[in-house]
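The following blocks contain the structures, represented as structure tokens.
Consider the two complexes below, in which subunit A is the common component and subunit B and subunit C are the respective partners.
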Partner chain A sequence: MNAVVLIDTLLLLLVTATAVAIVEVRSLYASSILTGIYSLLMALVWVNMHSMDVSFTEAAVGGGISTILLIGTLVHVGREEKPIKKRLHVPALVFTALTGAALIYGTLDMPRFGDPAAPIHHYRVPEMMAQTVGFVNGTPGKQKPPEGFDLERYRRFDGRVTGPIPADPTDTAWREKSILQTEGLIVPQVRAAHEPHAEPGHHLHPPDDFNGHVPNSVTSLLAAYRGYDTMFETTVIFTAGVSLILLLRRPRREGYLQPGAVMSDQVILRVVTKLSIPFILIFGFYVITHGELGPGGGFQGGVVLATAFILYALIFGRAALYRVVPPPVSDMLTGLGVLIYSGTGAVCMLLGGKFLDYSMLNPELPGDGESLGMTLVEYGVGITVSMVMLTIFNQLAEERST
Partner chain B sequence: MSTVYLITAVVLIVGAFMLLYRALAGPTVYDTILATNAIGTKTIVFVTLLGYISGRTEFIDMAIIYALITFITTIAILKYIEKGRLD
Partner chain C sequence: MLDAFEVVPNLPVLVVTTPLIGGILTIAMGRGKGPWAWATLITGLVFYFTVLLMQQVLAAKTGYISYELGNWPRQWGIEYRVDALNAFILLTVAGVSFVTTLYAQKSVEKEIPQDRHNFFYAVWVLAVCGLLGITVTGDAFNVYVLLEISSLTVYALIAMGKDMNRQALTASLRYLILGSVGASFILLGIGYLMMVTGTLNMEDMHDRLAALPDIVHHRTVLVAFAFLLVGLGMKMALFPLHMWLPKAYTYAPSAVSALLSATATKVGIYMAFRFLFTIFGVGFSFVAMPASVVLSVAACAGILVTGVTAVRQTNLKRMLAYSSVGQLGYIVAGFALANVHGVAGSVIHIFNHAVMKGGMFMAAGAIMYRLGRCDLRAIRGLGKRMPLTMAAFVAGGLGLVGFPLTAGFISKWYLVQGALEAPHMWPVAAVVLVGSLLAVAYTWRVVEAAYFQEPEGESALVTEAPLSMVAPMWILIGASVYFGVSATFTGEISMRAAKSLLGGAP
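Then we have the complex of A and B:
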């Protein structure tokens, strides 16, 4: 058995066991903790598939913030589940079984795990991974392919498909050979893709400049190829934050500045927190800034930034947090993030391109312009996400049914 | 993947199964918390191991975020148990 598949099977068994445990446990905080563990394990499954960005998000949002917010909810609803009479509800059972069967039937048509002949490796995606979408069609504002540029080879290289693609993708001999290469976990082409010198340079860039495009294809897809979607995702988060403020925040005269429960009598916690918060903040900014090079980006980095503030509030109380980030400031920053994102798009338009056409930011070196635009946009996302997470935490902690 | 690393990974997962049992059966709250914390530590080692096997340095970032998250959630849970509130 393939090692990747073996580890995957074991991990998924563990995930299933955790899910059953979450349902079975009566104590609500035990099930909250187990939900965090479920997310961490699910993130491990993504890590095993080498989808680092998904894994990063799952760990930061699912394992970190969600668990803290669930515990915040427990403050309002109490620790124990209400006892209910357990009896078999036949229609529900039949419905669930049917849904499960339909889902399993749906997976029968999916390609094998790690199948290099899967459509995702051939249709459209290699083009997007090589960031040659605008490049191929010669869209105004994008560069033309240079003389003697082997586009086929370039695409195949970045699309991580091993060997020449046969005319007939169902050619089994080729498929088996490629799967064997994948089983070694390191596809030679994947390794080569991390060594920029291995590829001839872009016509406008020195060879060590990641060939003039953003190395992490996930970020380039999120921020450039589907930049509109990401902008509106950020807007959704912004709307959630604003709605929460409107629904839950008490008027100031009722005193939201009452001190919270302080844990500063715990010397070890206090010292460790003070020591680690700067590093958490640096890590958060690193994740945001580094999003175009490695895994991570605005969403994940924003969550990491928010956890630093939440840690501060946990140890030193909410009043101390409000002295650092007063609610008016966090509200303003929430909007500022969305403004930065859409403002970057508007600047691209003013410079003569389309909305969010980052290459306009540096017409001489379009690749650098794209990097700059994506970094700006990621910072916008990061600011909004961190401040909305902080607001959710504050409102949950503030509104207590005493 | 060489056999040694594969065995290490499998042992880590089996250890996580045993800890999950402790988290469920644990007579006190603190058993549950300690067990989930240990699962978190195992995941950190597991991610680093996978990163070493596949030769990609980005996995270290993942390990850091796992460490950060297990630390903060544990503090949140303990504060809830001690004070009954989070703020």
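Then we have the complex of A and C:
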């Protein structure tokens, strides 16, 4: 038994125990804290699977901010569960058991975990991991460029794309290599000979540094290849914020603010908070900006930024927070983030390309255009996520008048 | 900068990004009529785009239009693919949304607090964006992302019912829980499919599934199929998974009920088309798997049970809600037959039911607007006091019955034809006829109250609803009559969609 399996087994036991405890425990406060623990354990599971970005998100969102929001909800509903007589609901039990059985039954024909021959590892995804999607077959000259294509410019960039082509497409060693070799921009050609590229010459993404070609392949997947999905994920966050305002915000005539508890008379809390907030903010911006280099990006960075504001509100009261970010400003910023994202896509379209074709942003250096586009959308995500988290916190903390 | 931009090649993405950007900007439209006017403008523009898109699709030689987002190859990026089927659904959803937005102004003014109209219309436009986004895409995961948007917005819209009272909130919460369970099943199904195929593009996924050896015994595929069926069943309110629908439609704001009944569940059915026909394929879903039997039994039971329940209701909106579940049963029973006439009947009824039920919910909303309630007692004698509204309601009701010269007749004609063509499916035809009798019963109860009873109390003093409500109502009801008399356009499109779904020529 190797170490990974050992750790996984241990984590599974802990996760199960936590889940049972969440259901069983009567105090809602305890159960909120337990959900935070559950998320942290899951973050460890993701680390064990080498998916650092997912782990980072789970830790920041599940372990961090959702726990705060759940506790915020307790302000309204009270700390204890109402005493109810627990009865066994037979249909629910049967349904749950059936679902669980089906889930397990479905795993029986799944590829084994980490199997290099699994479809997910040799079909479509290798190009995404190697970030070669959209190249005109790697080697110029094999295909006739279409009319109007600037071959000279293409050659200028293409001189750098001379990487070795793996002999066996199912060989996965090239992948590690390709990720490590981004410095020299050696791009492996992984497509099997029998499988032609989508329409030849159709997708002329520039084969220079960006092209979704960033050290962290998760970022190229989320911000480039499936950037359109990410735009709508950001919209989901935005919608959540707006819906909450719609449902919970107090009518304006009553004013936004009710005096709440303030902890700023505690010297230690006050000093530590003031000292740490600048660092939290810098870290948040760092995570957004450097998402293409390491784990992180707009979502995680946005959550980190939001924690700085929420910490400030917890210690100095929401009146102080509202002086820094008045609700009309945060409302505007929640929309601004999504607008930056969709606006970037729309500008690409107005310049004559497809929606979200970042290379249109800089016709001279398409790679720089893609770099610019991806940075812009990451900031869009960061702004919306941080401001929506702040809005959710504010709306939950607000006492409803009725 | 705009020299290189053309509208026509970008139509598929404009249909979704216009309400996205427009929806966000609605917040900045201030108070008063600004947000409503802006929402009308946006939905009107989107409707115009869907009309253009329909023309493009009909003119396309391949029978479909493909748009690759970000210019990434479709197998790796996200593809928008529009054929006759989704062009038709897009047109329906966008058209009804536009007319409903026109209608919403007075009703929202009365039912939603003035200070949050901008947020309300923002969520409203985003809901339309989500529904259109599901319909236009050719990517399985993109469906799920847009499903999240449409669900979240709809939960919020329902909760706004009648000054956010307890009933609207619990109806919304109930839908939120059941809807999330359904969405989780859909997500699990998509995840399992991706694990087996290694791709998310629908067409690519279908090819990979078809190439699997012994797919009928592939346990991961079977579980994915079952999960998708349950998840989609919840989203399209298939009996007995419809439990969220009646309360949600009853307690939602009137305009929201009209919008949802005409669009939300229809898009759920569209998703079922894509998963069952396009991804799994007819051979797997309806020949190898017992989807035909499961779906038609559920649909027929739904038609009968909810028909009887609808007859017993006294609240008009609740009656319409139960009737909606039954009408969705017709749509499901149609495509469960898996033959050309059955599927065509299903597609055409998506449109026909959208205009009929949308118009009827608008009529119920107009009664709510004048009287503050819409039960059978309140509408006594209203035939004289609000003649246009009640006439619209009755015309819509005749459509539900399937009376000749209404759109409902055309749908049922196709359905019965399909049921008689399929082997051993004649009971479906019988159920369609019994369902029509039940529709006669609940429509008659309204006719009796409105035309043959004397008004009492405040009902005797009301006047006709304002023109801004009556006109949109009659646009939809008028459409249902027009397409009942002249069904060439809808019939041809549905036949074409049915043939392409069943794998024939487009």
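By definition in this document, the second predicted complex is superposed on the first by the 313 of 402 C-alpha atoms of A that agree within 3 Å, B and C clash if a C-alpha of one lies under 4 Å from a C-alpha of the other, contacts with A are read in each partner's own complex, and residues count from 1 in each chain.
To be clear about the criterion, a residue touches a chain if its C-beta (ideal position, glycine included) is under 8 Å from a C-beta of that chain, and two chains touch if they have at least 3 such contacts.
Only a predicted model underlies this, so the values are computations on that prediction, with no experimental measurement involved.
Enquirer: What is the contact status of A:Glu398 with respect to subunit B (first) and subunit C (second): first, second, both, or neither?
Expert: First partner only, subunit B.
Enquirer: Could you look at A:Ala320 and tell me whether it touches subunit B, subunit C, both or neither (first, second, both, neither)?
Expert: neither
Enquirer: Determine, under the contact definition given at the top, whether A:Ile277 touches first (subunit B), second (subunit C), both, or neither.
Expert: Once the two structures are laid over each other on A, A:Ile277 reaches no partner at all.
Enquirer: In the superposed arrangement, which partner chain does A:Leu12 touch: subunit B (first), subunit C (second), both, or neither?
Expert: After superposing on A, A:Leu12 lies clear of both subunit B and subunit C.
Enquirer: One more residue to check, A:Leu34. First (subunit B), second (subunit C), both or neither?
Expert: first
Enquirer: Is A:Gly296 touching the first partner subunit B, the second partner subunit C, both, or neither of them?
Expert: A:Gly296 sits against subunit B, while subunit C stays out of touch.
Enquirer: Looking at A:Ile68 after the superposition, I want to know if it touches subunit B, subunit C, both of them or none. Which is it: first, second, both, neither?
Expert: first
Enquirer: Could you pull out which subunit B residues touch subunit A in their complex?
Expert: It comes out as residues 1, 6, 9-10, 13-14, 16-17, 20, 23-24, 29, 32-33, 36, 39-40, 43, 46-47, 50, 53-56, 58-59, 61-62, 64-66, 68-73, 75-77, 79-87.
Enquirer: In the complex formed with subunit A, which residues of subunit C make contact?
Expert: Where subunit C meets subunit A, its residues are 1-5, 10, 13, 17, 20-21, 24-25, 27-28, 67-78, 113, 115-116, 119-120, 122-123, 126, 129, 133, 141-142, 145-146, 148-149, 152-153, 155-156, 159-160, 164, 188, 192, 194-199, 204, 208, 218-224, 226-227.
Enquirer: Can you check the complex and tell me which residues of subunit A touch subunit B?
Expert: Against subunit B, subunit A makes touches at 3-4, 6-7, 10-11, 14, 17-18, 21, 24-25, 29-30, 32-34, 36-37, 40-41, 43-44, 47-48, 50, 52, 55-56, 59-60, 63-64, 67-68, 71-72, 74-75, 184-186, 191, 194, 260-261, 263, 269, 276, 280, 283, 287, 294-296, 300, 304, 307, 310-311, 313-315, 317-318, 393-394, 396-398, 400.
Enquirer: Mind pulling up the subunit A residues that touch subunit C in the complex?
Expert: Listed in rising order, the residues are 102-103, 105-111, 118-125, 127-128, 133-134, 197-199, 202-205, 224-229, 232-233, 235-236, 238-240, 242-243, 245-247, 249, 251-253, 331-332, 335, 338-339, 342-343, 345-346, 349-359.
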